[in-house]
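So, here's a batch of structures to check.
In what follows, subunit A forms one complex with subunit B and a second complex with subunit C.
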Partner chain A sequence: MKIILSGALVRFADYTKEVDVEATTIAEGIEDLTTRYPGLKAVLLDGDGRVRRTHQLFLNGKQVERGEYPLGTAPVSCAAADTLFVLTSVAGG
Partner chain B sequence: MPRRSRFAFASDTCLFSPVQMQPASVLRVGMTALASCIGGQLTEWRALKRDHRITVVIVGVKLAYLRDFDFFAACHIDVDAGLTVRSGGRFLELGCVLGPADDPFAVLTVLNRPVALSGTQALDATPCSLDPALLSRFHADERDDSPITRPVIDATKALEEGGELIGQGTMPFTISRGDCEIADQWQNVRLPDWLSAGRERIVFATADPRVKVGLRAPMRHLYAEYRRPMYLGDEGILATHAYATADTVSFVHQIHAVTSGAPVGVCAVAIEEFATGEQP
Partner chain C sequence: MLAEAPANGQGIPDAPSSQQIAEWVRAHLSGFLSDVVNPGAADRDATGTPLTATAFTPLAASGLLGYLVPAGHGGAGGDRRTFGLILEHLGHACDELEYPSLVSMYADIPAVIAGVGRPDLINRYVQPMIAGKRFGTFAYTERSDAFDFGCRVVEVDNGFEVTGVKALQTGGYLADVFLTYARDEGDDLRLLLVERGDPGVAVEPVPTAGFRAAGLTRLTLDRVRLDACRQLVRVDGLSHAQMFLNQRRLFIACPMVGRMSAIVEHCARHLTGVIRQGQPVTGFQAVQAKLGRMRIRYETSRAVLHDALDRLGNDEYNELFDPVISAAKYTVVDNAIALAMDAIHLTGWMGYSRELPYERYLRGFMGGIAGQTAQDVLEILLGNDVITRSEFGRSREEALP
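Up next is the complex of A and B:
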């Protein structure tokens, strides 16, 4: 699966906007992503390992419902050809 | 008495075009005024972020040029600004007057939305209202609960229905770090420069001579509404339509983000208005 990062997240992935990850679920993909870029973990995930409410996920252009993607619960399946877009709604710069 | 922040700065040539103080320059001064007003009426801006985990982002701009004012008009520029709480703390509005107190040349109004920071280094945030403790720092005469207006929506509809389309075009652009603030998010004050570039393309490429006023004359009004930010490395398309009415030529702009993964849609809309009576 390809993960595309936007916004303020890019600098925590060493200015890489697109990352190919090995994953069968969104949760696995995010785990792979944050393992490769540890600095991204605290920015993208809260203390419980859930994606922060300030970021939205889109799988192949369709928004993933928030309740579906906390890591470790109700995993959303994905395939190698899928694209997961991580959108930062707004930053308070 | 509502509190005001007043300061002056030396005029320099880069602030101006041949015909007026550039809109982006006015907005940049507006940001300085905003920081000054936040510090004077609320708390130091960095303390607002650090201690209260709140900041503000621009969601709307209204700029009215009241009279001609070019580089040779003065050696310094006076600024008089104040902050008003709108809608019970859902918005903070900056009112900023530029020029001598008895004869200002521009009035800038900037509508800001408070946002709550998540606390990470990315400064990611969600919209919020000012909490009661922060609200209490504003005086009673610094509050206004009248409805928020959206001039871009109404003016665009009026132009589409009653104006004559005399030119149109698109312009791709990319957000670079020089366009961004500390979160690698676009600086809202950069918007007028992109609008200007889109307008100039139409002026140079359109046969209808009425569009020439878009470079020949000073702008009279700018209205902008920001809907979703763009970030470092994002690509966008500026779509511009020029409309003529009996006494104005207006350039109506939409900025779309070009992304491969999400239906982000329109990021900003704006109107630049020129008076057709302006002669070469």
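Up next is the complex of A and C:
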């Protein structure tokens, strides 16, 4: 699966926007991603190990519902040709 | 004083029209604003003096400070669309943008705290805030983005210790409670309630060129010890902050649209009495065109604002970062600045004076360049959103078997 990062996240993946990961579920893909780029872990995941709500996930353009988020209740299957977009929009006060 | 102000926002119909809100503001708040608040606006700007509690505490009787708090916690349980319309019409009636902006902050904070639903916090903070006896603000901004925040929290016996500097708070002058975001040892953001009187807390004024009555402050925390009950959000405070900012983004634009309307009206009235070449300048087509352009800027801003407010009211928005809400804020700020510039061009030296204080309004509007997410940051975020979504189609094609 290909993971495409955006916004502030890119910095924590050594400015790599696209990363190919080995995964059969989104959760596995996120785990592989954060293993390759450890600096991403605290940025992408919250203190309970869940993907922060502010990072919106889209699998092949279809938004992944909150209940399906990695390390949540329902892992979402994915295939090698799939693309997971991580849309990050962090605004200021 | 407030004229027959109904408690808890009563008297505001469900799903009101803008006209109904205008009438409600006129009936219940206009006298108070013109008698108590507006007379000091020019002096506050000249001296950099913040608005005081006397301008806000009487609002409790109108229900506005508790308008966004759920009814079960003593508020009116009002919706954000209606509140936005109230702010727009307050912006028309108030001679300074700072006042409705602070009303929005002082009404939003108790709603955030009430959202946690803890009785101890309702009693200690929410109810006194609804009554206009305590005020709260939001301490998020630092001189770095959220992933590099320097404000740190560590767990200690039965509580927390917080150290760091929060660079800017709107309404901090009056606030005795600061909703403070700090990074924990795992680099997650937590939200904590810091009180002005906590040992180690320092609140300093931040002087600015405009928006001077807003009581802008800098919050410094030196090993401030907090009881465990002061933690409002334990995990993912970043997303909590983003949702709060996303919902609030329009509230900086609402009063601006009201003020734009007032400027167009005042400016046209003034120009009717200005004589050049033996006739009122309103007879010149160049003046008519510029007034027309000001009207276009106002009507455009009002249209995008109301569209975005409708999305809030209908729950049809992205709760983390809504492009329409963000584009509306951006558009209103840009148009407001341009409209004030037009007014100054049309009125010459008078627009630079206390008599027609368009230059003061311009400085207030310019606060919107930085406030509620800087205009340049919004451009980047909106462009990033467009680019990412444009790639969705290609990814669907690639995923096809």
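Keep this in mind: the second predicted complex is superposed on the first by the 88 of 93 C-alpha atoms of A that agree within 3 Å, B and C clash if a C-alpha of one lies under 4 Å from a C-alpha of the other, contacts with A are read in each partner's own complex, and residues count from 1 in each chain.
The rule we apply is simple: a residue touches a chain if its C-beta (ideal position, glycine included) is under 8 Å from a C-beta of that chain, and two chains touch if they have at least 3 such contacts.
As the structure is a computational prediction, the values presented were derived from the model and not from experiment.
S.K.: Looking at the combined model built on subunit A, do subunit B and subunit C fit side by side or clash?
M.R.: clash
S.K.: Give one of first, second, both or neither to describe whether A:7 is in contact with subunit B, with subunit C, with both, or with none.
M.R.: Touch status of A:7: both partners.
S.K.: Pick one for A:17: touches subunit B only (first), subunit C only (second), both, or neither.
M.R.: first
S.K.: Just checking: does A:79 make contact with subunit B only, subunit C only, both, or neither of them? Give me first, second, both or neither.
M.R.: After superposition on chain A, A:79 lies in contact with subunit C alone.
S.K.: Using the touch definition from the top, say if A:54 reaches subunit B (first), subunit C (second), both or neither.
M.R.: Touch status of A:54: both partners.
S.K.: Should A:37 be classified as contacting the first partner (subunit B), the second (subunit C), both, or neither?
M.R.: neither
S.K.: With subunit B in view, single out which of the stretches 62-70, 152-160 or 296-304 of subunit C clashes with it after superposition.
M.R.: The segment of subunit C occupying space taken by subunit B is 296-304.
S.K.: List the residues of subunit A that touch subunit B in one complex and subunit C in the other.
M.R.: Common interface on subunit A, subunit B vs subunit C: 4, 6-8, 12, 42-43, 52-54, 56, 58, 61, 83, 85, 87, 89-93.
S.K.: Enumerate the contact residues on subunit A facing subunit B in the complex.
M.R.: That would be residues 4, 6-12, 17, 42-43, 52-56, 58, 61, 63, 83-85, 87-93 of subunit A.
S.K.: In their shared complex, at which residues does subunit B touch subunit A?
M.R.: Residues 49, 54-57, 115-118, 120-127, 180-185, 228-229, 231-234, 259-264 of subunit B touch subunit A in their complex.
S.K.: Flag every residue of subunit A that touches subunit C in the complex, lowest number first.
M.R.: Listed in rising order, the residues are 2, 4, 6-8, 12, 42-43, 46-48, 50, 52-54, 56, 58, 60-61, 79, 81-83, 85, 87, 89-93.
S.K.: Give the list of subunit C residues in touch with subunit A in this complex.
M.R.: 138, 140-141, 145-147, 168, 184, 186-188, 234-236, 238-239, 241-243, 245-246, 249, 320-321, 326, 372-374, 377-378, 381, 384-385, 387-389, 391-393, 395-396, 398-399
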